[in-house]
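In the two assemblies presented below, subunit A is common to both, partnered first by subunit B and then by subunit C.
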Partner chain A sequence: MIEVSNLSFSYGLKPVLKNISLRLEGGNIYGLLGENGVGKTTLLTLLCGLKKPQKGSIVTDGRNPFDRDPALLGEQFYLADEPAPVHAKACVFGSSTGSLWPKYDQAKFLEILSEFEVDPDQMMDTMSSGQLKKTWISFALACNARHYFLDEPTNGLDIPSKSQFRKAIMKHTGEDSMVVISTHQVRDLEEIIDPIIILDKEDVLLNASLEQISRKLFFDYGTQIHSDALYLEHTPSGAIQVYPNTSGEESKVNLEALFNAAHSHKTTVKALFHE
Partner chain B sequence: MEFNEHKPIYIQIAEAFCEKVLDGSFGADERIPSVREYGSEIGVNPNTVMRVYEKLTAEGIIYNKRGIGYFVSADAREKVLAVQRAEFLEKEVPAIKRRLSLLGLDPSVFL
Partner chain C sequence: MNNNFFSGSRFWAWFKYDLRQMWQNHFKAALGIGLAGLIVYVIFVSWNLIFEGTWQGPGLGARIATFMLAGTILELYQTRTYGYLTDKRKGSSFLMLPASTFEKWLSMILMTLIVIPVIFLAASASVDTLVCLLDPTVGDSMLKVLSDNFNSISKSLAEVNGEIQEDFGFGLGIVTGPAIAAFCFNFLFFLLCGVCFKRYKILWAFVIIFAGSTLLSILGVTLDWNVNTDTVDTLRSFLGAATWIVAGIAACFGAGIFLRLKTLQH
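Here is the complex of A and B:
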């Protein structure tokens, strides 16, 4: 479990995160959503101990990630949006760097590479950005970590790789592991992220499971327009509307509509989920 | 798996599962994949699959042997049939009747 309490961080005079509190539990694949520049990457790098909180604290299973205790480092993996094009063959990079993670499994690395159709004998600095990303994703999963922080993992992946990625995340992470995925590609990940965290400027707008979301908000795909909708978008087959769920009936959560509703009605949505 | 826009995904997965019980892909007392296996197979979050299994268990279509896994109930087919027949008669038949009368068609088109 990760407990973030009253966390603040700024770059020089520019505040990014202000007084953020958040609890993340094992066994979940979190989707971290937010507009450009609200601090998703900053938050991920703070969570994994690359940055030091200026105010507040982060406690991961009783430890402070910025202490960079090797025992904790061996249990977590941060995958950057644009991972390094290492000058080594993928298989060699795996077996050497993998030794930093006590549970690293080279056979698993090769298995996931082959699922992604990446050649393990190719030099990583000659790979296309998509191939390189797939190599790093395979390596990350082969480390058998308990905490994963993945920054835009589907960026640059081709269409078949995106569905491969969704399956690999479930197949190759443990039941108690925690995965935090920051993304703008909600359509790529709609079915695999739950709970959803929406980060806003200096604030957390929402941290809720899809079940909680579908109990609080109703996603209406019908053609009858509701005047009290928090969000309305016309679609080829009618409309998507989001309004507070008063009937108790559950609907399919549409993440883009959720995000837009949360953004246009911040206080209403925050209040709904803080009850 | 492809999902339509309207129903919660866990309900759509449960319905697809019931179809498989009806067409015989899942037999009586057959073991079904674990929550994570099934999630990985169809590319859906384990929490969602857990809700599917909870719903199917509550309906008596599957059962859980602690520590071993989930199995299809012996009478799963009968249960699914009973529920779906009732639903068909209650919802789909009236809709078909309305449509027939709107289009001025006679029920003999089904013969």
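Here is the complex of A and C:
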């Protein structure tokens, strides 16, 4: 479990995160959404211990991630938006670097690589950015970590690879694993992420499970236009509307519509979920 | 000892990993710098063949100068061996690898002060010995000259202002102590600059050297430092104190590298 309390972080005089509190539980795949520059990557790097909180605290399983205890590092994996190329064959990189993770499984690494159709004998510094990313994703999952922090993992992946990524995440992470995925590509990950965290400038706009969201907001895919809609988007088959759920009826959450509704009606959405 | 600080098995796993990284990225460079003697030999022979019409390789002086120059390049190269830590992508990967900061630091120090210099020395000595074995025009190898004159070098160094110190150990000690301290000082200084500065690492290192030398000169003149080395005893005291000061500063560089690793953020 990760407990974030009153976390603040700024770059020089520019505050990015201000007094943020969150609780992240194992067994979930969190989707971290937000506009450019609201601090998604900053939050991920703080959670994994690459940055030190300037105010407040982060406690991961009773430990401070910035201490970079090897025991904690062995239970987590941070995958950057643009992972570094390595001057080694993928299989050699896997066996040599993987030896540092206590639960690393080389057979699993090769299996996921094969699912992604990446040649394990190819030098990683000659791979395309998509292939490199797939290699790093395969490696991350083969580490059998408990906490994953993935920054824009589907960026640069082709369409079949995005689908393969979803399958790999569902198949190769443990039941008690916590995955935090920062993304702009909500459609790529719509089927796997739950709960959803939406960051706003310096703040958390929403942190709720899909069930909670569906209880509070109604996603209407019909053609009748509602005047109290927080968000309305016309589609070829009608419209997508988001409005407060007063009837208690369940609906399928559309993440893009949710994000746009939350973004355009910040106070309403925040109040709705803080009730 | 706290397992999160140091574990023998984890350190060994990390050291093997670090060795592989070094082999893939930097050992070849250290070997290449060590092979500078061969390049100079080829240039010398070619030059003499073209302009003098004779087969003549570089003499002992030229080969020692080449070795010293190569050693200096290797020193500067220390800004690169772990310089990638300041790169966001590679540095993040490094920091997130499961080993303690102390283990990473210890491995870094061992690589810098032992593994890389040993590779360089082995390459330099092998090339020099091979060249001297195959080509009689270059004379004796550096290793042979050193071993043949070891005794006399040590004794002559013990001769100060006409007073001859016959104690062999004194002569040897007067060379090795300061040499080891200076070697650690230089290599750790450039390593520290490599992990501290994001860009222009060598340039910044020279700026600091220049600033430090200027400051020392000003202090020396201002405080009227007067070094008395008239007798063997005073020379011994001066060198002993200087060695400890240099070794102390080198230790501070080592501590600085640890602190940098501990506080580095990406």
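One rule holds for everything that comes next: the second predicted complex is superposed on the first by the 275 of 275 C-alpha atoms of A that agree within 3 Å, B and C clash if a C-alpha of one lies under 4 Å from a C-alpha of the other, contacts with A are read in each partner's own complex, and residues count from 1 in each chain.
Please note the rule applied: a residue touches a chain if its C-beta (ideal position, glycine included) is under 8 Å from a C-beta of that chain, and two chains touch if they have at least 3 such contacts.
Only a predicted model underlies this, so the values are computations on that prediction, with no experimental measurement involved.
Applying the stated contact rule after C-alpha superposition, one finds that A:W101 touches subunit C and leaves subunit B untouched. With both structures placed on the common chain, the touch criterion links A:P70 to subunit C but leaves subunit B unconnected. Of the two partner chains, subunit B is the only one touched by A:S209; subunit C is not. Contact with subunit B, but none with subunit C, is seen for A:D194 once the two complexes are overlaid on the shared chain.
Interface residues of subunit A, counted against subunit C in their complex, comprise 45, 48-52, 67-71, 73-74, 76-78, 80, 82-84, 87-88, 96-97, 99-102. Listed in rising order, the residues of subunit B touching subunit A in the complex are 1, 3, 5-9, 11, 36, 39-41, 43-48, 51. Against subunit B, in their complex, subunit A makes its touches with residues 27-29, 163, 166-168, 170-171, 175, 191-194, 209-211, 214, 221, 237, 240, 250-254. Listing the residues of subunit C that touch subunit A in their complex gives 3-4, 7, 10, 13-14, 16-17, 20, 24-25, 87-90, 92-93, 95-101, 103, 263, 265-266.
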